[in-house]
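Chain naming follows the written order as A, B, C, D, E and F, and within any one chain the residues start at number 1.
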């Protein structure tokens, strides 16, 4: 089984870290390829970064299709371009935010999210509402860490994350914590150990969900709104997207 | 990995069928044990059957704990006794209805449920609302098949199910169908072939979710309302449940 | 009119107290019988206790049916086994949580709940959502009192309850308080006097609702999912539940 | 106990009929007074009729207060002026729509409403949402009967109501029917007999709820937004409402 | 274009202030007439004040119809009598609360409301839910200022409002503030300058929405529940409302 | 006032038509510029088309900023890239779907949408839920017209739209119809005349809302998640988006 993990931002060190985390958790027969778009933002910290990154996600899905990948993961907590990506393939496509939410509700009745910046909290709130998990999440918390600080070994990011997770544990009346950034994929164990609650991280959760769906023989439905895009002309820099063939 | 699959009703043929379906889908390293309570209803077709069956589910969890099972599946579409069961173990416990709903939302934007009897539709409606998937399900349909007809090879159950699934496909504006009874675990492929839509069946979905959670090292949170039951006396026929030790 | 009040736990002193409270509030022509199951937990403080207690509730409904009771009350704040119980009788069956919620919305626009233990708060949250009252309840508060402390005259339970109710009054922007445990049935007046807000207790509320429904000639609908259970075999210790006759 | 039943429209024959229905269902010790405002619409069939009728409702509450009534009923299915009325008294005030909804959810999991005119259906929809019962009601149906046709013995209103109720029973997957007009207070038994489902009518339901609240010693909360109106000047034809004293 | 602005209370100084604010913001071709009912409360601070004021609103709509006004504004933050008013005219009718909410969602993802008295907060909560904006509003705050203090130049009302708005800005995680009283129509600029967030005031918002609807040729739909009232008799002091002609 | 209308697809004839419709409705002092991206899909009929088009929308906002436009309109019914666009400017940005929904709720209590293709209905459903209007919309209908058929004078698109709108009027219990495609901007009057209900079209609605916001001095909040993007590097074909200056 080949799972193609797409880091929607263009920071290679983060892609590497995400790929490592995915590989560590993958089943013996699963091959992980981790990639990021050639073009796009170095980190995703708002609606605009998200919108632009969706183009890169789509390109990486198309690239994965050429390699006949069995499943795709969109490794940014806002799940940018998720429905668009699903149109492009029969394989399952999983966002790391949705993956984390699904897993959290299977082991707890209420959870909180600890994310990077306050300004991205709204993205998590929108996802919770769209996916149906608004009532299961007590609170969206931000440790106020710029995403790329997670790439900086000297930063105090881990300590601040642990502090915020402890506050969530003590104040939020929850059973689990969801980490709200793909860049935290390597910190799950440390945070969980420090906090003493189940801590769910989306990249690893998504790998196991992808394996599950592929194992079930389930892929993105091609009946209805997730069918392949209607063939049509695209212009300009997107001309290569014209009349995509399934 | 050892997954203990609990059929909450007491019909051994159905337990066998469910166990077979679970085993077929399980990963190479996964061992499936399928069981049903010694006491309880032969089928679950309403709130009362569900309530009684929850006792048997709890007993089977305790039995599984003695064997140090790694995960549990409650193989009845109403997920009877799910939260109670979760209190009894650190392992993950997954209901087949929730499993099917989670998987359905990962491959489609809207789905319908095809279940057995109209009177059990309300159980599915309640679950959809509690789990947060009410907006993702277009319609709960019943083929009006008593559960045990699914055990009767000569019955027209399969044909009627296929008919109802085709109506769902043609009328409901959906991308996937969820089968609403554990007794349909062996029919998924036939129905999917006949209908041409992704068809999601809960037993198999739950096996893969259980493998996923175990793979992630995640189990039922013992922080909050899913912690082990507070030690206390139980009386009468339930005296053996007194002061349960984790 | 005969109202059969079922205390779902097996603590006789609590049953006695609940029966007294019910009798005090009952109309002249109403006879109260208070009972508890022979088997089950001595207190209900979680999902597991609830699930087991539902069996006893069902048995007590069947017992009440032999005496042709006119209505039933399930006197535990989680309303355990409520829908199952309704299948077993044409008489009305009322849970004390729902009773309290209904009454609270008739005299205030917003209320808070003060319950025993934090870990049972989730049960109240689920009921509020299922019954439709989630928006009417500002907050579910716990005084962190084990249920059986309410049976101990020397405990500080009352003082702690009053403290929590005062916090609710001062902080929650509410018009009424709902007491979240059947074991508080004898404390309503003291708490209300101390707090100065309407305080609604479920046992007494349920008695008056039961009288109301019986007075209206209304009983549990036998059309649809609350019809008598479909006749079927039950096995083992539940064999006596086979083919229940209406 | 004195329950003051206010018919918000000015049709005396309907007031009489409502009073009769209330008296028939009242407990032995309950005295019913039925009244209608001197000023206002002869029937309430829309938002405008409702708004004007709220003034009369308020005046009748004030009149009832002079007689020290123990409870009030607003006998129009839109519950016009309900929250305003509650500000004017320490006694409970109950609308017949809310009364019917509460009772319906105690005996069924889903109900439908059969009302008079399609254009008033939106009023029921708004109430269902505000009260929290939107998910419990399958459908709001109109028999397209002008309200005053219910006062005309020669009309086909009853037959048309029965037809619509039968359609609700057969098509809506429900356990009970709520009648959507105070003018149907005398038809409940005939309709219920003809339809074979529990039929809930609001006037009678409200009488029993009022008796229940009074029996519990509960009245409208004077803490918060239902406290007596802040003393202030009213001008013109409403000058007599200035500085109302509790 | 003629916009008739109705202050539902009877305080002329507030009507004048509201008219001034409306005129200042109106387009060159727009004529503003500001009025208040002859009869009713001098301020609106609860459900009862609202209910009575709805009569005056209706009378002022009828008065405006005689002058063939092109649009109406109900200039009290509870939007009293809004749906009733819409039945009386083909012109658009806009409440200042809804106007402010609509505008707030166009420039921010989340807002808070700062209103006068805590007891009126529930009115805003109900409107948010009915209009669909409950999820967009973080918090309803009250500065605990009686409405008529806003008419008193010597009061500390402005200072207290600014304080509360600053708390909203700093604590609520919002992008905009909605002012919750028509009497604040002249304070928007001062508050906005002091707080540094977009501040939305309903009177001015409603003027621009009214101009927008008239510009689009859109008026209140006369198809369905907002059609003109069914012709019928009104009695007593409301006899003049009988058989209203469109 | 300068309103920059962005047609997110790249079909110039549609841009022209949209610009004409916008100009016709604009106030005397309003200048409309209509544009479309150089790159992107010729029509938007699904999630993928939407995601790609968001890039072009962002580019056109940046282009408009250089011209100091006072407001922006995104003239595709899915409001693609709306929140991203808002980050890029202090001016208001309005999507035509939200514009139409806001206007519809001001003149009716319930509306239906008539859109082009069934597969895009889900986009409207998501928007309704996110914006809070899910309860106000009775039904999302599709006339099954490919978007570019609206550009083909010889097509039967208009006739089919009118048929579907009439069905909405007769079956949906609504007061107004929302047209679900920017390409219908020139058909509003014909459809409204043929159907006899208020018909709301988003381009024109958005122009008037944009004028309203500008008139009020309100622009996109720069406090919180709609603040300008955090300065950062963009790579590849998006390098020109690095460190955008407000």
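Keep this in mind: a contact is a pair of C-beta atoms (placed from the backbone, for glycine too) under 8 Å apart; a residue touches a chain by one contact, two chains touch by 3 or more.
By chain, with names taken from UniProt: A, B, C, D, E, F = Hydantoin racemase.
Everything numeric here is computed off the predicted structure, so don't read it as measured data.
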item: Interface composition of copies chain E (Hydantoin racemase) and chain F (Hydantoin racemase): same or different, split at half; value: same
item: Pair exhibiting more inter-chain C-beta contacts, D-F or B-C; value: B-C
item: Intercentroid distance (Cα basis), chain F (Hydantoin racemase) paired with chain A (Hydantoin racemase), Å; value: 29
item: Between chain B (Hydantoin racemase) and chain E (Hydantoin racemase), centroid-to-centroid distance (C-alpha), Å; value: 52
item: Chain D (Hydantoin racemase), residues touching no fewer than two other chains; value: 83, 109-110, 118, 121-122, 129, 135, 173, 224-226
item: Touch relationships between chains, expressed as pairs; value: A-B, A-C, A-E, A-F, B-C, B-D, B-F, C-D, C-E, D-E, D-F, E-F
item: Residues on chain A (Hydantoin racemase) engaged by chain E (Hydantoin racemase) in the complex (per definition of touch); value: 118, 121-122, 129
item: Chain C (Hydantoin racemase) contact footprint on chain A (Hydantoin racemase) (complex, rising order); value: 109-110, 135, 173
item: List of chain E (Hydantoin racemase) residues in touch with chain D (Hydantoin racemase) within their complex; value: 10, 37-43, 45-52, 54-55, 58, 81, 83-84, 86-88, 118-123, 126, 129-130, 146, 224-227, 229-230, 232-239, 241
item: Chain A (Hydantoin racemase) partner contacts - residues on chain B (Hydantoin racemase) that touch it in the complex; value: 25, 27, 83, 86, 92, 94, 98, 102-103, 105-110, 131-136, 169, 173-176, 196-198, 200, 204-205, 208-209, 211-213, 215-216, 218-221, 223-226
